[in-house]
Amino acid sequence: KTAPAERVSPVEPLAAVPWHQLDRKHVLHANQFNKESLDMMFEEAIKMEKVRPRTPESKMLEGYIMSTLFYEPSTRTRLSFESAMSKLGGTVISTESAGEYSSAAKGETLEDTIRTVEGYADCIVLRHFQEGYAKRAASVAQIPIINAGDGPGQHPTQALLDVYTIKREVGRLENIKIGMVGDLLNGRTVRSLAYVLSLYPGLQVYFVAPPVVRMRDDIKELLTSRGVPWREVDDLREVAADVDVLYMTRIQKERFKDMQEYEQARGKYVINKELMKSMQKHAVVLHPLPRVDEIAEEVDGDPRSAYFRQARNGLFIRMAILKLAILGTQ
Amino acid sequence: KTAPAERVSPVEPLAAVPWHQLDRKHVLHANQFNKESLDMMFEEAIKMEKVRPRTPESKMLEGYIMSTLFYEPSTRTRLSFESAMSKLGGTVISTESAGEYSSAAKGETLEDTIRTVEGYADCIVLRHFQEGYAKRAASVAQIPIINAGDGPGQHPTQALLDVYTIKREVGRLENIKIGMVGDLLNGRTVRSLAYVLSLYPGLQVYFVAPPVVRMRDDIKELLTSRGVPWREVDDLREVAADVDVLYMTRIQKERFKDMQEYEQARGKYVINKELMKSMQKHAVVLHPLPRVDEIAEEVDGDPRSAYFRQARNGLFIRMAILKLAILGTQ
Amino acid sequence: KTAPAERVSPVEPLAAVPWHQLDRKHVLHANQFNKESLDMMFEEAIKMEKVRPRTPESKMLEGYIMSTLFYEPSTRTRLSFESAMSKLGGTVISTESAGEYSSAAKGETLEDTIRTVEGYADCIVLRHFQEGYAKRAASVAQIPIINAGDGPGQHPTQALLDVYTIKREVGRLENIKIGMVGDLLNGRTVRSLAYVLSLYPGLQVYFVAPPVVRMRDDIKELLTSRGVPWREVDDLREVAADVDVLYMTRIQKERFKDMQEYEQARGKYVINKELMKSMQKHAVVLHPLPRVDEIAEEVDGDPRSAYFRQARNGLFIRMAILKLAILGTQ
């Protein structure tokens, strides 16, 4: 009766060595970051918001090269990274079809590709359709590998920008009540967000999802083990009135066997003007984008609609990551 | 009996607010520019011809980012814009497959894409296969949108570079006699050129086209309403001897039902050495390129063959537009 | 009984005017370079190894634009050139699908494309699937054309980086004993390498190849005419023990009619730990990459395995070429 679930990666243990203490600052999974790492990164990101053209800060990475090595296209993520590198004066060499990369087609291993491309760049942003490939790349690389999504695996910079946005919009990361809404079974973003947010005290989580795409047990167990209370709730309105953050995700038709069930779910988990009336004044709506129907355009003008600011925060987080990864933390 | 005509956009009214007075300098259609706007732009373009590497002028847009968002490939136009941005020290983030842009494929609206990408850039150069999409983009954008062609709609920077080339080659924009040759029914460039040139006093236009691809009435009416005398002429040689400018366009086979008619038209509207003998010394041949048979390679060396200089002028016009759009007109 | 051989270009005569004396420094084929040209280039390349971010050297090509015009993808080569340009502060405008370039699709000649694109750039790196196209491009270009591979024709920068690597790894170019191993019939790199290396005195060459893919007579005759002793040898081990350089290439299945013969060849011409034991201490293993089975990963850590350093040398050679081609040799 459950839908054919997309494979998602199992819960990753918290890294033994926190990110900011690594010699080579690969960014591979969301659970590499303890609170201290996040503090450092967010502090940098806030500075990045103030970088303007023709200032010394805007030339911080002058002469450094970032290679985007994408085995599947993801224009939004690629442009965000490329913009981040450019804003700091760095340059970009780019491929969106590394899959058809003649060398890969000729039977070259990922490891050999990395060993070659690292000769041309100071950092590699890797997107791959297969889980675990970022880790494989990092295992041989002499320069930082930044995982921009590896299939059902990780997309750590998305989680980081989500958490950064909560900090910027709500003003704190402690004592956050969050509602995660939509397809929680297959969504890689909500899983990673749970990792990172649960590092902060006072978190409370509501899962709001149609029965066929409920959050998996592994994340629930992670939360429980970290002392985070969570609840599965059916009524979005009830949750909306209580939370600081509503994190919306798309519900995909292809996850449903029963079309009636799909139509019901689709109509039920939608943010519109009516629903926003029940939300608190300081609360915000987030969405990893692209959105389709689950947030009505009529609420775009509401100051609590933070999803486009969230996308823009991706720029600042990536600027911070590139700076720290390439120049280090001295 | 008429060929299946490609849809072209209807005549656009002259913009109420001229371009150089806009707060946000979107470039959407050729009729946004009055003479004052054009004067300002052409003055900038002339300065752009003198920009050399390692001068302060070559760093005017340092730290600014242009995003090329192309929903269909147009390498020539893209490279021209990217070169323009680079010559002024700016950087480029680029996609040529925004159509397969995973977000668009997932059902994201153009408006949402613009709201996201504008977070990464200071100006967006948009190419789309659907008419009116540049205007739609501009309606939500906080940064300038530059239309690099939207289907059968507009391609305003092409018109601007055409007019600039006439100014540079003939030395004036008043009292120009121009022959427009080829497929005038479906050509978007000749239509836009008519808009802009007819702002200048003393214009005279000859339309030289096979019967099935004659210029539409709407443009003829526009010219008449602006007091511009125009004539349909069959004999290219007669026109060639009289004009200051011969503006050639390709005749496409697929517009003809009758292949004999096509072969006739093709043979008839061709510039070769023989024909150039009849042209005046100061006259020039223009072509939006790519050319196929309609200009024989044997005339490439003639100083009146200005089509490659015209392509290069696209660079200077686009440099001027980028400067004015990004830095403003202070 | 011979396999269906891929067409490779015939032996190119040594250029009448050596490269460093050309006014317009096109890089078209490996035989354009005499020893003096190579000395100059290698001297530049060594300097390039020391270029660091934020130094005056790293801004040498600031404000200059390189266009990569690729009619077939070759991500590795493209990224290498783009990195080289970036390391010197230059910018890149790039296309990997010039074949579908709407203009080419509309019937534009290569010559017209070059005449247009040269208006936007200071140098063009051209990759084409058809032999002789680099030369055709150069015949009309006002800016340097750099051949990044034209089908079965030339790929001169590969030969240059190979020779540079020998100089850097072995410490000299005179009195080199080299074994060329693998598919010598169809490999364009080994042919070009033979051209360039044979300019230096004391060269000795072993050809080690399965019968169906032996080196062609034309190169053997070139070597003989330049007084270079060469031998065809069957036993890789014997050669390995004697040479300064083992130059490995891939053996491609599709060259063989007899699969048993293929499997034999494949198993026979492989570098592994066992084989490296027989090599001299100062000798090195090179490979144009990508490698598949012909070099076992177990030898990657051996200091004599120089193939990834070789790939990186491509960067320095291309930096040197770009500097000399764009700024000249004053």
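Lettered A, B and C in written order, each chain numbered from 1.
Following the convention adopted for this analysis, contacts are C-beta pairs under 8 Å (C-beta built on N, C-alpha and C of every residue); 3 or more make two chains touch, one makes a residue touch a chain.
From a predicted model like this one, the values you see are computed outputs, not experimental measurements.
The chains touching subunit A as well as subunit B are C. Comparing the residue numbers each copy contributes, subunit A and subunit C share less than half of them at their mutual interface.
Rotation angle for the C-alpha superposition of subunit B on subunit C: 120 degrees, rounded in steps of 5.
Note on chain placement: the centre of subunit A and the centre of subunit C lie 41 Å apart, centres being C-alpha means. Multi-chain contact residues of subunit A (touching two or more other chains) are listed as 91.
The residues of subunit B lying in touch with subunit A in their complex are 61-65, 67, 91, 93, 95, 97-98, 100-103, 106-108, 112-113, 115-117, 119-121. By the touch rule above, subunit A contacts subunit B in their complex via residues 52-55, 58, 73-76, 78-80, 82-83, 86-87, 89, 91-92, 96, 250, 289-292, 308, 311-312, 314-315.
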